[in-house]
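Next come two complexes built around chain A: one with chain B, the other with chain C.
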Partner chain A sequence: MCAEKIGENYIIEMNNVTKIFDGVTVIDKMNLKIKKGEFVTILGPSGCGKSTTLRMIAGFETPDSGDILLNGSNITAIPPYRRPINTVFQHYALFPNLDVYDNVAFGLRNKKIAVPLKNKDGSPMLKIDKGLAKDLKNQIKRLKKDKIISSEEKENRLNYLYQKLDECLSTPRQAYKYKHLSEEEIDEKVVKALSIVDLDELEDRDISTLSGGQQQRVAIARAIICEPLILLLDEPLGALDLKMRKDMQIELKEMHKKIGITFIYVTHDQEEALTMSDTIIVMNDGVIQQIGSPENIYNEPQNAFVADFIGSSNIYNATVIGDKKVRFLNHVFNCVDFFPINERVDVIVRPEDVHLSDVPKENYLEGKIASKVFKGIHYQYSIMIGHDEVLAQSIKDFDQNKPLYIEIRPDGIHLMKKENISNVYTDSYIGKDHKVYIDECPIDCDLSKMINNSTVDEDGIVTYDNKKYDFANADCVATISPKDIQVSDDTSDAPIKGRVINSVYKGDHYLILVRTENDEDFFVMTPYTFNADDIVGLNFDKSKIELKLKGDLNDYEI
Partner chain B sequence: MKYKYFRKGLALPFALFLILFVIIPILFIIFYAFTDNQGFFSFDAVVSFFTSTTKLNVLLVSILVGLFNTVLCLLIGFPLAYLLANPKFNKNYVLVMLFVMPMWINFVLRTGALRDLLSIVLGWFNTTNGEHPLFCTMVGMVTNYLPFTILPLYSTMLKLDKSQIEAAQDLGCNPFKTFTRNIIPQTLPGLVSASMMVFMPTISSYVISDTLSEGKIMLFGNSIYLSFSNSDWNGGSFMSLIMLIIIFIVMFATKKFQGNGSERRLSAW
Partner chain C sequence: MVKKIFAYSYIYIILLILYLPILYLIVFSFTEATTLGSWSGFSLQLYSDLFKNEDVMIALGNTLILACLSALVSTVIGSLGAIGVYYCKRGFRTVIENINQVPVVNAEIVIAMSLTVMFVFMGQNFFGGESIFSFWTLLAGHCVLAIPFVYLNVKPKLLQMDPALYEAAMDLGSSPTKAIHKVIIPQILPGIFSGLLLSFTLSLDDFIVTAFTRGPGLLSGAAQIETLSTLVQSVIKKGAVPPELRALTTIIFLVVLVIVLSYSIYINVKRKRIAKHHRRSLNA
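Let's turn to the complex of A and B:
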């Protein structure tokens, strides 16, 4: 292995890792460091690239660009069977032709122990390390195929690798002989692994006679028996029932403490992530949104997506109107986060931070209960304050027909920088038919917007200051606000169709992200719910599209 | 109640067919095998079969040719089925059809065509079919039985559990070990049924060897056919009985494999 020592404490480092499937970028320039011995959870909705990340660490997928380092050595080009990493698969993937014992022993029977070779005189035997040379050659081959990094960087790194290869081929190193483990050694380890997962009695059972929970344990025993440096778990509890899942969560956590190796756990269940992890990595759409401890992620979400995904929360559009004063729900609240005045921000309020009262008090807002759900230890209320909905929790049983008063204290208000409020399409253009093409879709737009105070005739010729301009084939930048796009289920007469990527509820509306077939993203505001992966049609409010010409105006004069 | 009787009644045509064309003929074979040509009980056919080295030789050659053909068909069919079941390689069903299509043409015609084709090819090397009887027979056997190997293998390959393959790699199997320790066990039911589909008919086939080797290779099927055409009903029947016994033995030996394999797969997933 090529030793590029960088971080001592990081067991896994991913540097600018990009993965593309059939032209779709699943992972986009991911940078990630995972500390030794931690229980790390990669959390995100389905299709966000979390499983792909795990599969790249395991070696089942090779990144199209970037490197994966294990303890500082580059393992990107090393096949899965030579990585000291084992996986617990989503549906366990046990071998049905083997019994419990043989399933667990499977890895050990393949494992070989390196024994240093010695010459007859007892001195260490030296040989050219052909394995290492092969790895380096594979790395060179991979790097040559990389189309993403700059040619300069590629050149530098290739030179570095060639140098390494020369060095490797010219200096002999300690030679090893590889030995299989004896059946006694295997037996000892299998018994130990089975006792770790509490399956001591079941060694001779057929896999098909085991319950889901027992199969789960076999899968874990099978993976930990090879003493990997990292255990990868790909939504391993997904197939279990709720109670079993809760028990297994605690057990996994204890197992992690007992074995002491790094666990990387992939799940879409935020509660699972919060319960078990030391560190949570929240991912969406191939990009890491936030990395932090469970407390940190829950209390200080970095953006609306994280806040919405972790726990239930109230998210509102708000404006900072003074020093630590923010306005939302038609009301001014004191807060603790500092933001510049007049800045538009997202505000997050956790339901448990909304204080309720059935009698009016100072600083309390009046609202109406829209719904009340009994949740075991508390009630969950949805309260309407004007047009905005506020989710709240309380152990008190309030009368649904009476007004309810709410208070949000400064420490319960979390402000976040607002992102992506406008849709900007820098590669739109004007066609020969004088229509604006956004995402290859013609839109009959008022071209007089290209120049202030100009007029446009029926043929699409713009007149300004007695000069005429023909903008056919001109490139332009089109901007449209999320609230000027209408989204509907009916795709038949919509000019643009796309797939819903995610949807965040903001008090009285949803902000949804729609991706078209051509990979253009549209942010849309809508009062209706849409689910991820719904196919929707988009209609533009034509008069609201802003246009700006790219290039010199004089080129288009006629 | 009426409904129940009606449902059972549906099986009647098949039961009749079974009795008329399977059970009764088998009884006839047993009867003829242990009687002489006057219809009296005798072991003549048994004795003459086991004392004739030619007939025993033919049986041995047939079994060897059968085994050889099975191995060849599996060697060619297995990778082919693997490729066909891979959606990247075989985007639609067309390629599978290509391999199955020959089965739609009458097999005697096909064999005749193959004989002429072989004689042209061998003509280029200045030899004839008759000079290479084993080669020609094997080519005929493989082309004829390959579809029977591909189909059962193809259907098990479609069900191949990719995550098990990944698990094997994850647990330290290099590509070769992954193949022997996981892919082979996973496809075992298909391998067993493919072998059965090839081995048994090869032993009893006679048109292929007869047509392609110009009568120089005699298989068990040829020798049964010969007995009957020489009106040696008792000898032919006894050899047919041997054939049946071999079939039963093979079926019994592989039953465990096939049943268990598919049951396990179903219940595990």
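Let's turn to the complex of A and C:
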């Protein structure tokens, strides 16, 4: 391994890591730093790339571009069996042919201890480090295949690696001999690991005779026994029942404190993440959305996706109308976040921050109870304020048939910068049939939108200022607002079909992201609810598609 | 009740039809009478004749050597192939699986003919015009026959296995070779074993491929290799079936029966032991 010490406390660094499976970018230029000794959770919906991230750290997947550093050394080209990292697998992956003891001892029996070699006169024996040279060669091989970084950067980095390789091949270093652990040493460690996970008396049991929780513990013991620098956990509690899961959460957290190594935990369960983590990384669609402490992620979500994914929340479109004043629900609220005036923002209000009263008070808005659900400790109310729905919680039992009054105080209102949610297709073009092709699908658009104040005839020839233009084969940029796309379950006559990636509720409508087979994304507003992975058809309001010509207008004059 | 009686008698009738000929064979192997179907009193003469008949003994030796070697080779190739294909990408896996299906359903005569044509072609072009028919071509022929069946026996065991086991072994410091050896192979061992048995029996009674691919060698020396099936065929071409063969086939049947029975008893006992252990742990 190369010793490019950075001198910081990061145990894992991922630099511009990209992973592509069969042409689909699963991880997109990910940058991530994880501090030594932390309990880090990667949280996201299924298919967001969190497991792939974990598998790249473990070494089961190699990134197509970018580097992974462990303690500052590049481990990207090192195979999993030579990384000081161990994994607790989702379904434990215990070896059914071995008993509990042998499962736990498996890693130790593979482990070899480096003993420095000495010459006869007692001086350290020096040899060329062939292992290091091989790693460097692997790195060079990987870098040459990288199609994502610029050729200039590639050249620079290749030169650097060649230089290191020359240096490695010309300077002999301390040589080592590798020794297996003795059975006594192994026994001592196995007993200790089994006592950490409270399985002392089960060492000669067959794996198939263990309960789910016991198997879970064996999997953890097996992973921590080699004293890895990092323990990776891939949704390890998913197969346990609720009660057991809660117990294991606390136990894992305690184990983390006790053994003090870095834990990287992958889950889609937001509650689990909030309970256990020091740091949460929220991912969606191969991109990190936010990194922060549980409090930070919950109270200050950076965008609507994070807010919606973590806890239940009310999200609204809002406009900043003054200094720390924001308008939504047809009402002006004071808030604590500063945003420039007239900026469109997303507002998030947690249900517990909505104060309720059954008598009108100053600053309270009147609403109607649409539904009431008893949740054990509290009631959950859905209240209609005009057309908008507000989720609220209260321990009080309000009469469903009477008006209810709500107040949202400034510290309960969190403003988020609005994501750019207009649909822009930079690689659309106009075909010979004078239709606009978006995502390879022909759409009959109004071509006069190409030039202001122009007209278009039946054959698709545009007239402007007494000049005629034929835009056949022209490249253009098409833009359409999410509210001008209709989405439906009926895919039969829709020009474009796609899969729902996610859906965020915004008070009176959903903003859903639809991805087509060709990997184009469409943001769509709809009053109806769709689930992730639903196949839907998209219809366009053709007159609302804005077009802009790429290149020079004069090229198309006829 | 009536339904039950019918169901049972149906099974017993089928079993009887299946095993009646073998029963006849076993009974008539213990008599000296040369004409089939006549009983001239109990005797072990056929068995003692059998071990004195040199042709039969040579053929038996050839058959066993060939069956053992071809079973071994095809089990190794077929099992490793199955593991490799299992960890391949899906598209490639489907292609290989379909290719593997062809020899299974293909008529054996086609395999035999194509092997002959290939060996003749190879002999003429790569071995200076000499015939390459020998024990090795025969072995190759039997392996070609058996490998698809080994693959089919190992594949279900791989599918039952947790695919993450291989990665778990690597995660715990095993190199890929060691991971296969220590984790994958023990998991699919029953499949490998039944593949071995199947390829052994396939080779044991194969006639068509043997007749087309054999050459001189093994215990037959400079003459064409005779296996039991080719020997029987050449003998009955000349006249009646020699009575010793009744004894031989009885022995073969009993050996195979013992192997199959002891294997299934072993599996049953093992399963019961695990179940018992499981119950005990649940009670505890």
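One rule holds for everything that comes next: the second predicted complex is superposed on the first by the 557 of 558 C-alpha atoms of A that agree within 3 Å, B and C clash if a C-alpha of one lies under 4 Å from a C-alpha of the other, contacts with A are read in each partner's own complex, and residues count from 1 in each chain.
Here, contacts are C-beta pairs under 8 Å (C-beta built on N, C-alpha and C of every residue); 3 or more make two chains touch, one makes a residue touch a chain.
Source: prediction; values computed, not measured.
Aligning the shared chain A places chain B and chain C in steric conflict. When the two structures are aligned on the shared chain, A:Asp411 is found in touch with neither chain B nor chain C. In the superposed model, A:Glu188 makes contact with neither chain B nor chain C. Of the two partner chains, neither chain B nor chain C is touched by A:Glu295. Shared-chain residue A:Ile207: touches chain B; no touch with chain C. Once the two complexes are overlaid on the shared chain, A:Asp358 sits clear of chain B and of chain C alike.
Contact with both chain B and chain C is seen for A:Phe106 once the two complexes are overlaid on the shared chain. Under the contact criterion defined above, the residues of chain A that touch both chain B in one complex and chain C in the other are 58-60, 79-82, 85-87, 89-91, 93-97, 106-107, 110-111, 206, 208, 222-223, 226. Residues of chain B that touch chain A in their complex: 161, 163-164, 166-174, 177-178, 181-182, 185-186, 188, 261, 263-265, 267-269. Contact residues on chain A toward chain C in their complex (touch as defined above): 58-60, 79-82, 85-87, 89-91, 93-97, 106-107, 110-111, 205-206, 208-210, 222-223, 226. Residues of chain C touching chain A in their complex: 162, 164-165, 167-176, 178-179, 182-183, 186-187, 274, 277-278, 280-281.
Residues 58-60, 79-82, 85-87, 89-91, 93-97, 106-107, 110-111, 206-208, 222-223, 226 of chain A are the ones that touch chain B when the two sit in their complex.
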